[in-house]
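Look for subunit A in each of the two complexes below; its partner is subunit B in the first and subunit C in the second.
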Partner chain A sequence: MAGTLIHGSRRRKIATALPFLAPGIILYVLFVAAPIVYSFAMSFFDWNLSNPFQSTWLGLANYRKALNDEVFRRAIVNTVAYSAVTVPSQIALGLGAALLLNHKVRGQPFFRVVYYLPVITNWVIVGVLFKYAFNGQAGLVNFLLRDVLHLIGSNVLWLGDPVLALVPVFLVEIWKGVGWCAVIYLAALQGVPANLMEAATVDGAGPVRRFFSVTLPMLGATTLFLVVVRTIGTLNGYVSNVVITNGGQPMDQTHFVLTLMYKVAFGSLQFGYGAAISYFLTVFIAIVSFVEMRVLQDRGSSI
Partner chain B sequence: MNLHSHDAAQKSIVYVLLAVGAAISVFPFWYMLITSLKPQSYIFEIPPTLWPAQATFSNYVKALTRDNFGRYFVNSVGVAGSMTVLTLLCASLLAYAFARLEFPLRRLLFGLVVAGLMIPPVMLIIPQFLVARTLGILDSYAGLVLVYVAMNMPMQSFLLKGFFAGIPIDLEESAFMDGAGRWRVWAQLVMPLSRPALAVVTIFSFIYSLDEFAWAHVSIRTAARRTLPIAIAFFQTQHKTEWGIVFAASVVSLVPIVLLFVTFQRYFIEGITTTGLKG
Partner chain C sequence: MKRFIPVSLVILALLLTASVVWASGSKETTPEPAGQKVTVTYWHTMSDPEAAQLNKVISAFEEENPNITIKPTKFAYDDFKTAILTAVAGGDVPDTARIDIIWVPEFADKGWLLRLDGNMAGFETLINRTFPGPRATARWKEHYYGLPQNTNTQVLLWNKERFDQAGIDGPPATIQEFAADARKLSNPGKEQYGYALGGTYFWAPAPIFYAMGGRIVSPDLTTADGYINGPESVRAFTLLTQLYKDGAISPNLLGGGIGTSDGHASGKYAMIIDGPWMVDIYADTYPDFNVHFAMIPKGPDGNTSSVVGGEDAVIFDGSTHKEAAKKWLAYLLSSDAQKTMAQVGVIPTLSELRGDPALPDYFDVFMQQLQTARARVAHPRWSDMDGAINNAFQRMLRGDQSPQAALDQAAKEIDKLLAE
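The block that comes next holds the complex of A and B.
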């Protein structure tokens, strides 16, 4: 008797929950969960697009191919450099902006909105704009460097150079990222107890000293959060690179991992190889995030 | 007295630095606007002017008429509107189930949905392409909307679950005493009480959709079905020098986002700081 009762109520619970769960879970399974498994399986095959069941099993060959592919290795280097340069820059500038915005001056709400505008601006639009500014003949950047600041003698062909073409890509990320870091820091700054600051002031600590011995340690958890989230974001860099370098131009030297994945899959229809590349990146991101959390947490606790 | 002037000096330094930052934030918008107002022959003038000396609206007219950007604008807003409504529905139902209902595997399911937050979106593009092809929704608005809802939902249901869980349970219990069922409690009690959270979900979903590039880029083949980001990118690669039109289209496509943001900026900041997620 008791068994059937529990069984019945369990059934009822499922019946109640099912309509709440169904729409979301169905979409999630179709377009998120199944694709994760699907692409994992694909990464071991030479995937046959018209007839998947005739795909050729390759084992780890796609992964080995990636490691031996110079374009892929270059893409890894570019992507890591992108993260290593833009993440610290935007976090440092974001902290600076947050400290400024935290002053109770007139017009503070206005400045807050202005600082956040780059964050909500579409990646494609910003990318296209920077591409125009870095034009090799009559771009604004060349004009500033040559005719105003006299730093260069002749025009630089930014977008035609395998290294310099990434300069605008890096700048877009920093320009867009600062406002977001600033908002997060600003929220965290509200949590720095005022009496702690006052006590430090009474003890004779100047603003610089107060910043390094009170504010910065209090912001440790926020900094860790920003480092991890922006590292993941930048390692997934894609849109601004596609727009500015046309996806790897010149000569496939400016790829990020994901622009290369796009080219491999949708340009040369090697879906299995593309899937392997995306799994590479996912595992790499997981490892980097884990290491960052360990390192920064240990440092935080030792302060 | 001395202290006072020290304060004033500090204040003016803060103002100067704030203004420099604001100029860096705003300048690209100004540059875009100015360029969108230049006639084609002035696009690569030297020295470049940063003032609308020869202002004309011809780029806007061309963008909207000759180059079909009006259509792309409608596509973008239509897709964003539909996906936002569907996201609100799916995410709030899911969040209510996770916050209040008891059913087997609840924790596991919630964990799986939250794990969706950590998956790099572009990584899913290849298999999503194949799933959409099987379902016959490649190159369609439906394909855009459904994938956007699926991708955006984990974050939104996570946010809503937290909010729903914070609603005093006594309210719901007294509604049950009065004979209301689960659906009525959800629709007539929980949802109206959650307006601030639903506003955050609405704004973030709308912006997510307007901003999305990678999936639209892969799935849309028919030119007339393009959304603004891919239309602008395509136009720029095809008409390499017609920058005035590119920026006229960009300015127009920024209008809804900036308006939304300026109107609802309080919700934005709240949403960002409570979820820690990027808009």
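The block that comes next holds the complex of A and C.
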């Protein structure tokens, strides 16, 4: 192990670098590192907001309470389902969109903008619009399904059903995510060497074969990146759920882990319990991300 | 030495955490010097017209009390609780605030509010001038932690056009008539209903629940068993569930349907139960609609009742200007201040103002209803109790449980909350 002395030149380098690093380090510690440590500590107490030192030590009781809480378990199921469904969907559809947007056609810039527009819309506004569209008695979706396409006989009360109420939440995520994934894939597609494609065509490969044998493997690293980032993003889902389901309605069955955490901490003032819930999510996300990276890295040969 | 920076970051994080915890834990309040100019902060969630009217109240107060300046701050209702929590955590609370009545026991239990009885000159006289329902909202563990500043309640709104079409004379006077009218006015095939609730949260069925003699917990707040699942409560919820099953209540209450305001004005819902804000809302959205109010129909024991909403004015325990704050609160409860705010649709809490010509006409029915309206459970865990009743109502509407069984489960859940 190297000695603990920093020799002259290295010390000078650190001394020069430190003032430049300091603002970033301070902001990071203040707004990221300290809250992480602080909330971890909170999770072991019945936290007293006005006098933290008078908080009651609970040990692992908050964590045990979460595991025994039916509402929390349902929230986990909802959140995992949300991730499992929307991540592959937006990545697959995003790839499809990127392939289309890669063709040189008239209006290509226009279409690229249109596909990306959902990404920059406001979650709350879009959530409210989807909520109106899925209104059980006066919504656009029921109108189309019942009165136009005659696919259903009577109105479906979307937001009154513990499972169906999440359909608009899932759709908002996919709708918003496709454009983002498409743009990233579009950039990656530019990196697929033209000579490889030509060689494949010369060898007699049709478009489908070319896609699966040349394009897709070259997109391996991008796909891994999108899977990990979108998984983390969707497991942290909050805004559209709260806007559309009104905070877990009906019957607290439509919560995501973060919406439950917010309700418990800022609604019922149980900050320690809320912190414990958030740490369950943290550990879960860390494990899932790690597993994804291992599995997908082993598969992708070109990474 | 490669480990130097990460290690020092962790140590820095721990030190910062410790100092933040230490700083928020040790607050000292300096006593206010006598005879000096004092600023009292007042946080509220008033609408813009109300906030403008508040300035008149403030000017009148400052004229009478030249040494005190009131500094109001307006918040959006959705942000308000978080803003207060942040203030409490940071040790920088406002002197006074107008908060939702259901937060008073919650904040009082945590020690954030100043106890007013025995601590404020003239408090007993003031509180006894208010309606009984609002008065009960400021009470926690035998003491008072606020003064009811404004109140509201819910009454019956009936669509005269629909009633005339169906050949019904006027609004129902008893619950029995109400149920019959609701059935007569319903035509689910044409998506018309006799009655609609805004949802299954307790505030929606509360007026009928209380009119039928329903109760949630024992008066000493020790048990819900025998109360929320007692015969009167079960009878009330059974009536609503039966009306729903018979197609007399709109399915919107399960979630995500046409709202009560729109449904009522467009004739889809012949009757709804709602508050005084409907006057302004309809003036804005359905100006051609004539809204008709009536008292909540009388229950089997011949009495009407309803539920109380509103806000209480409180003083925070961390305030450094408690004496000036008390003067401000007392002024907010004066009949001058209450009559001024009444001009913008804020119902006063002073029972002596009932029938006062200075008040808008439509206040009459509400202030009459306030004489018998009840407060909900004044307990720190009320919002979770509301959740228990909400879920029970949903289960019985969906046919998962009978009303008795659903309320028995709610009683168990509420008992657990009372014991915590």
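What we mean here is this: the second predicted complex is superposed on the first by the 273 of 303 C-alpha atoms of A that agree within 3 Å, B and C clash if a C-alpha of one lies under 4 Å from a C-alpha of the other, contacts with A are read in each partner's own complex, and residues count from 1 in each chain.
Everything that follows uses one rule, which is that contacts are C-beta pairs under 8 Å (C-beta built on N, C-alpha and C of every residue); 3 or more make two chains touch, one makes a residue touch a chain.
Since the model is a prediction, treat every value here as computed from it, not as a measurement.
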Which superposed partner A:L224 touches (first subunit B, second subunit C, both, neither): neither
Subunit B versus subunit C as contact partner of A:A92, first or second or both or neither: neither
Subunit B versus subunit C as contact partner of A:A34, first or second or both or neither: both
Subunit B versus subunit C as contact partner of A:S268, first or second or both or neither: second
Touched partner set for A:L296, first subunit B, second subunit C, both or neither: neither
Subunit B versus subunit C as contact partner of A:V288, first or second or both or neither: neither
Partner chain(s) touched by A:F20 [first = subunit B, second = subunit C, both, neither]: first
Subunit A residues touched - subunit C or subunit B, whichever exceeds: B
Touching partner for A:M197 - first (subunit B), second (subunit C), both, neither: neither
Contacts of A:L145 with subunit B and subunit C, given as first, second, both or neither: neither
Common ground on subunit A, meaning residues reached by subunit C in one complex and by subunit B in the other: 10, 25, 28, 30, 33-34, 36, 38, 52, 131, 135, 137-138, 246, 266
Complex contact set, residues of subunit C against subunit A: 1-2, 9-10, 12-14, 16-17, 20-21, 24-25, 81-82, 85, 88-89, 91, 106, 110-112, 191, 200, 250-252, 254-258, 318, 381, 383-384, 387, 390-391, 394-395
Residues on subunit B engaged by subunit A in the complex (per definition of touch): 11, 14-15, 17-18, 21-22, 24-26, 28-29, 31-32, 35, 44-48, 89-91, 93-94, 96-97, 101-104, 109, 112-113, 116, 118-131, 135, 146-147, 149-151, 153-154, 157, 182, 186, 207, 210-211, 213-214, 217-218, 228-230, 232-233, 236-237, 243, 246-247, 250, 253-254, 257-258, 261-262, 265, 268-269, 272-273, 276, 278-279
Subunit A residues touching subunit C - in the complex, by the definition given at the top: 2, 4, 6, 10, 25, 28-30, 33-34, 36-38, 41, 48-53, 131, 134-139, 157-161, 165, 246, 249-252, 266-269
Contacting residues of subunit A [partner subunit B, same complex]: 10, 13-14, 16-17, 19-21, 23-25, 27-28, 30-36, 38-39, 42, 52, 97, 100-101, 103, 105, 107, 111-126, 128-133, 135, 137-138, 140, 143, 147, 175, 179-180, 183-184, 187, 225, 229, 232-233, 235-236, 238-239, 242-243, 246, 258, 261-262, 265-266, 271, 274-275, 278-279, 281-282, 285
